[in-house]
Every structure is written in C-alpha cells, then in structure tokens.
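In what follows, structures are represented as structure tokens.
Here come two complexes built around subunit A, the first alongside subunit B, the second alongside subunit C.
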Partner chain A sequence: MVVARLSGQLRKLANGREEVNLAADDIAGCINSLEQEFPGAKERFCDEKGELLDAINIYINGDNIRSLQGLSTPLKEGDEVDFMSAFAAG
Partner chain B sequence: MIIDRPESWYIFIFSKDCCDRGGDPGSYIMYKGKRLTNKEYLDHWGKWVFFGEKDEVNEMARNLDPYVESGRIPCVKYDRAPQEWAELEECVMCVYCDDRQKDDVLQILSGFGVKAKGWAYEREVIEKWLPGGLHMERWIKAHGMSEEAAETIREESREKFQRQFFDRPNDICLGWEQ
Partner chain C sequence: MITAKEEERYDRQILIDEIGVKGQERLKQSRVLVSGAGGLGSPISLYLAAAGVGSLRIVDQDEVSLSNLNRQILYGNQDIGIKKAEAAEQRLRNLNPDIHVEAVAGRITEETVLDLADSCDIILDAMDNFSARYLLNDVALKKNIPFIYGGVCGLEGALTTIIPGKTACLRCIFPTSPPGAAAPVLGATPGAIGCLQAMEAIKYILGMGKLLANRLLVFDGFSMAFTEIRLNRNPRCSDCASI
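And now, the complex of A and B:
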C-alpha cells in the first residue's frame, strides 16, 4: 500500500479527504486507483492523451516525478505520493 | 524574525543577522556558512512546499522562526492570503534551503506535523517565470493584459533572469526580488 495525499483544493476530489491508502505499482496506477475510488480525479491530473498536466506536480517522498520516470515511476510499499497544484511552488 | 511588509504579497522569515545586512540581498543563500554562486544556486537551492489555512501558516511561522534565527533554516516565505490568480484556495508556505540540507529541514517540519510536501528547485521556479512558462502565462492571463503589454513583461523577465543568473554563473548569488 502507498499513501496518496491531496493538497489544497485537490482534496475536493476525494470528498475532502487528505490521505487515501491504495495499492499501486507506479504513479499511473496510483492515479487509476484514485479514479476508481473518486471518479473524475484522473482528468484533474492528466490530459486526454494520459500525459501529466503542467498545472499538477506529483511528488514521491518529496521528489518531483518529472525528475524521476514521470507517470511510470515505480512505487514501493509505504511510499508517500503528494499531489499539488504546480502553482504552489511559485 | 518575521518580516511582514504590507506592500508585499509574501511574508518572510529571515534571521536578525540577515536583516541587519539589509543592503546585502541574498546573504541567506548559503550552505555550511559559505555563500552560493549563481551556478550553485541553480544547482542546489530550493524549497519544501506545503499548504495551510491562513491561521495554520501563521502558527507554523511562529514555530519556525527560532530555527531561522539559529541558522538551521535559511529562510521561509508564505502567502498572506491564498493567491487567486493561481486559483489556490489555501496559503502556500515555502521553506528554503540547499538540497544538501533538505532532509534535516524536512525533519524539523515533520516535527511540527507537516505531512504533505514537495521539494522544488529554484531553477524550476525560474523556468516557470520565463516567457511561455506556466506561472508567467497564467499571471498574464489572470491580469487581462494586452498582447503588447504581455510581450513587454515576458521580455523583461527573460532579460532579468539572463542578466542576474545565466550570464554570471560564478558571481555570488543575490537571489531575486519576489
């Protein structure tokens, strides 16, 4: 299991919840799991081609996935995945 | 020392020593007591970013102030209110340091209950404020600028960062006004 954490207004996607525990092998799987639990979540993170939107930053244990392997970045047990508006780091 | 200037959107925390060197901008940008060059700044300088309600970031600022004073945290910046142009509904707090000390700083933040976190390099932030960058274009759109005015803003930004950082990699870093 990993912990998906939603910051700021992104919490609305999960009915106000800040943290969601879910099973996923990589970031794409994490987003798909969120979509299953909270329909509509995926379109806040990805475009129609499935690419990560510029307006979203995703971090694994604090590291931006854009400097890792993007949506294919693997996850391991206990990882913490943070979803934030990219405008936060301004 | 919490520096709250009403004319600035941001509230800062600097050490008293740093404030006493007011004519020396960027004097907090250092690692192990040594000032960073512009190249080192772009390679290593960044911040932990997290959200909070206004009351929460104000309380966190009071908690972090002693750590800035002691030098364990170089600088903190936070919103006095959520930034509407960026469509944010909570305040953002940025806790700055060199990436070689970011784990130590994160430990301090975790001690105060910070869970959500993302590390952002300043080079990434600068990219977003260059022409075509995410922040620059959203800011222009939010302010309803004419294309002519927008082009002027873009060019001024490009020139500023080029002149201050990219043309002078070995100069001592002076930071950039925010």
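And now, the complex of A and C:
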C-alpha cells in the first residue's frame, strides 16, 4: 500500500480526505486507483492522452515525478505520494 | 546602531526574545529584493518596511489598474495609471521614512536580473509567472542568495524557502512551468502567503526559528487548512545539481 496525499482543493476529489491508502505499482496505477475509488479524479491530473497536466505536480517522498520516470515511476510499499496544483499567480 | 526613535517604532518586536535591539540592528543592515509589487509584493514589502528592513529594492514594470485593487494593497484609487514602482515607493516611504526604498520600474529579464539581485541578502518571489521565477532561481543559485517562492490561485497558495546548495531549488520543485493564464485570486490569499513570505525573510535575516527549507507549505483558504509537502533536491537538476 502507498499513501496518496492530496493538498488544497484536490481533496474535493476524495470527498475532503487528505490521505487515501491505495495499492499501486506506479504513479499511473495510483491515479487509476484514485479514479476507481473517486470517479472523475483522473481528469484533474491527466489530459485526454493520459499525460500529466502541466498544472499538477506529484512528489514521491519529496521527489517530483517529472524528474523521475513521470507516470511510470515505480512505487514501493509505504511510499508517500503528494499531489498538488502549481500556483503561478502573484 | 538604531536611534531612540527607531527603538520606539519597533518596540513591540524588539520585545521578542529572539529579536531584541541586536536583531533590530541586523534588520536595519539588511537588503532585500522584492520581485514584483502586486498581490504578493504588497504585503511582503509593507511588512518588511514596517519591520525595519533597512533597504528594499522593489521591481515591477506595470502601472496600477482598477482590477489590481482587490488584492494589491499598496495602492489606492489615486494611484491608477501610475507606475507601481513609483506608487509603492511613495507608500512605503510614508509608512517608514527611516528605511531606504529603491523602486525599479522595469522587467526582470536575463539581462537585468543579475544587477537587480546585486548585494541583496535575500530574494522574495512576488512574480506572476514562472519564466521570471526561473530567472530569479538561477541568479539566487549563482550568487548564493536565499530565495523565497510564493504563488497563489483562488483561495489557495504555497510557499517555500530555497537555500542554494542546501535545499531543493525552484527547478527541483517545479521542473516545468504551469500554464500562465490569468488566474482568479481573492485578495486575502496573496495577503496570507505574502505575510508568510515576509516572516520567512525576517526569520532568515535574524537566523531564528525553523525555515520552510525543503518543505512546501500549501494553504487552502476554502477549508482553512495547511498541508506540508516534504521536498528533496534533484541530484540531476539542470539548475542546481552542480552546486
């Protein structure tokens, strides 16, 4: 199991929950598991081609997955996966 | 040395054990770059000026418009059409005539960023786009100047403190730029995030407390909740791996 942590308004996707425990082998699997449990979640993270949206950042134990293997980044038991929106305005 | 008048002005913060007269003198000697005089730059510069940061350099190329006034609390109706740098300088001098305010009505570009950061102790991000933020990140890394990121959208925002060579840099945290469309913003959101950025800057200058180093603090005003995301340096980061 891994822990998916949702920050800010992304929690709405999980009925307000900050953390969701999921079984997943990689980030794509983690997003699919979220979608299964909370239908509509995937479209907040990925475009129609299944690519990660520019406005979303995902971190595994503090590392941005864009600097790892993106959605294919493998997960191991106990990993913490943080989802956040990037805020550009000032 | 601070004067008797300054001691009176800053009396309430001098009472804080970790500040005292010595800390106040340190603030007076410090020099800060505030990059942007908008929603974040307003509370940042107001609170740094009020706290007695001795020298503030504020950069913004825009003029004040009516649609700025829901969040950019440096300005009022009378400033519409005036360069923000000019209006900000006036406002900050009125607030605290004992500090030096240098307002630059210009853009942050590859050509200007090095000079703008020159001799600053810390850089505060108050920009509204990531291309300028990446330039500031680069110069912060190059000149070994701490850089405090802040960003907002709607009722949400985030901030972190970047210490070159020690923490994740902006590129480690956000390897790619998010979409740059005009974002919805409730004025109190940059108010909250900007105040926290100002507090981080003061903590850094005074060497007190625990900085948001390798920690991204995410604020959600809808639920009044803060989340902290742990961050790591990217050993292959294009911007900071060699530092």
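Everything that follows uses one rule, which is that the second predicted complex is superposed on the first by the 87 of 90 C-alpha atoms of A that agree within 3 Å, B and C clash if a C-alpha of one lies under 4 Å from a C-alpha of the other, contacts with A are read in each partner's own complex, and residues count from 1 in each chain.
Just so we're on the same page, contacts are C-beta pairs under 8 Å (C-beta built on N, C-alpha and C of every residue); 3 or more make two chains touch, one makes a residue touch a chain.
From a predicted model like this one, the values you see are computed outputs, not experimental measurements.
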item: Combined model on subunit A where subunit B meets subunit C, clash or fit; value: clash
item: First, second, both or neither for A:Ala55, with subunit B first and subunit C second; value: both
item: Which of subunit B and subunit C A:Glu18 touches, first, second, both or neither; value: both
item: Which superposed partner A:Ser85 touches (first subunit B, second subunit C, both, neither); value: both
item: Touching partner for A:Asn64 - first (subunit B), second (subunit C), both, neither; value: both
item: Contacts of A:Gln9 with subunit B and subunit C, given as first, second, both or neither; value: both
item: Residues on subunit A lying within both footprints (that of subunit B and that of subunit C); value: 5, 7-9, 18, 54-55, 57, 59, 62-64, 80, 82, 84-90
item: Footprint of subunit C on subunit A - complex, ascending; value: 5, 7-9, 11, 16, 18, 54-55, 57, 59, 61-64, 66-67, 80, 82, 84-90
item: Complex contacts: residues of subunit B adjacent to subunit A; value: 47-51, 83, 86-90, 92, 94, 102, 106, 115-120, 124-125, 128-129, 134-135, 138
item: Subunit B partner contacts - residues on subunit A that touch it in the complex; value: 5, 7-9, 18-19, 54-55, 57, 59, 62-64, 80, 82, 84-90
item: Contact set on subunit C toward subunit A in their complex; value: 36, 38-41, 125-130, 150-154, 156-158, 168, 172-180, 182-183, 185, 190, 214, 216, 218-220, 222-223, 225, 227, 229-232, 234, 236-237
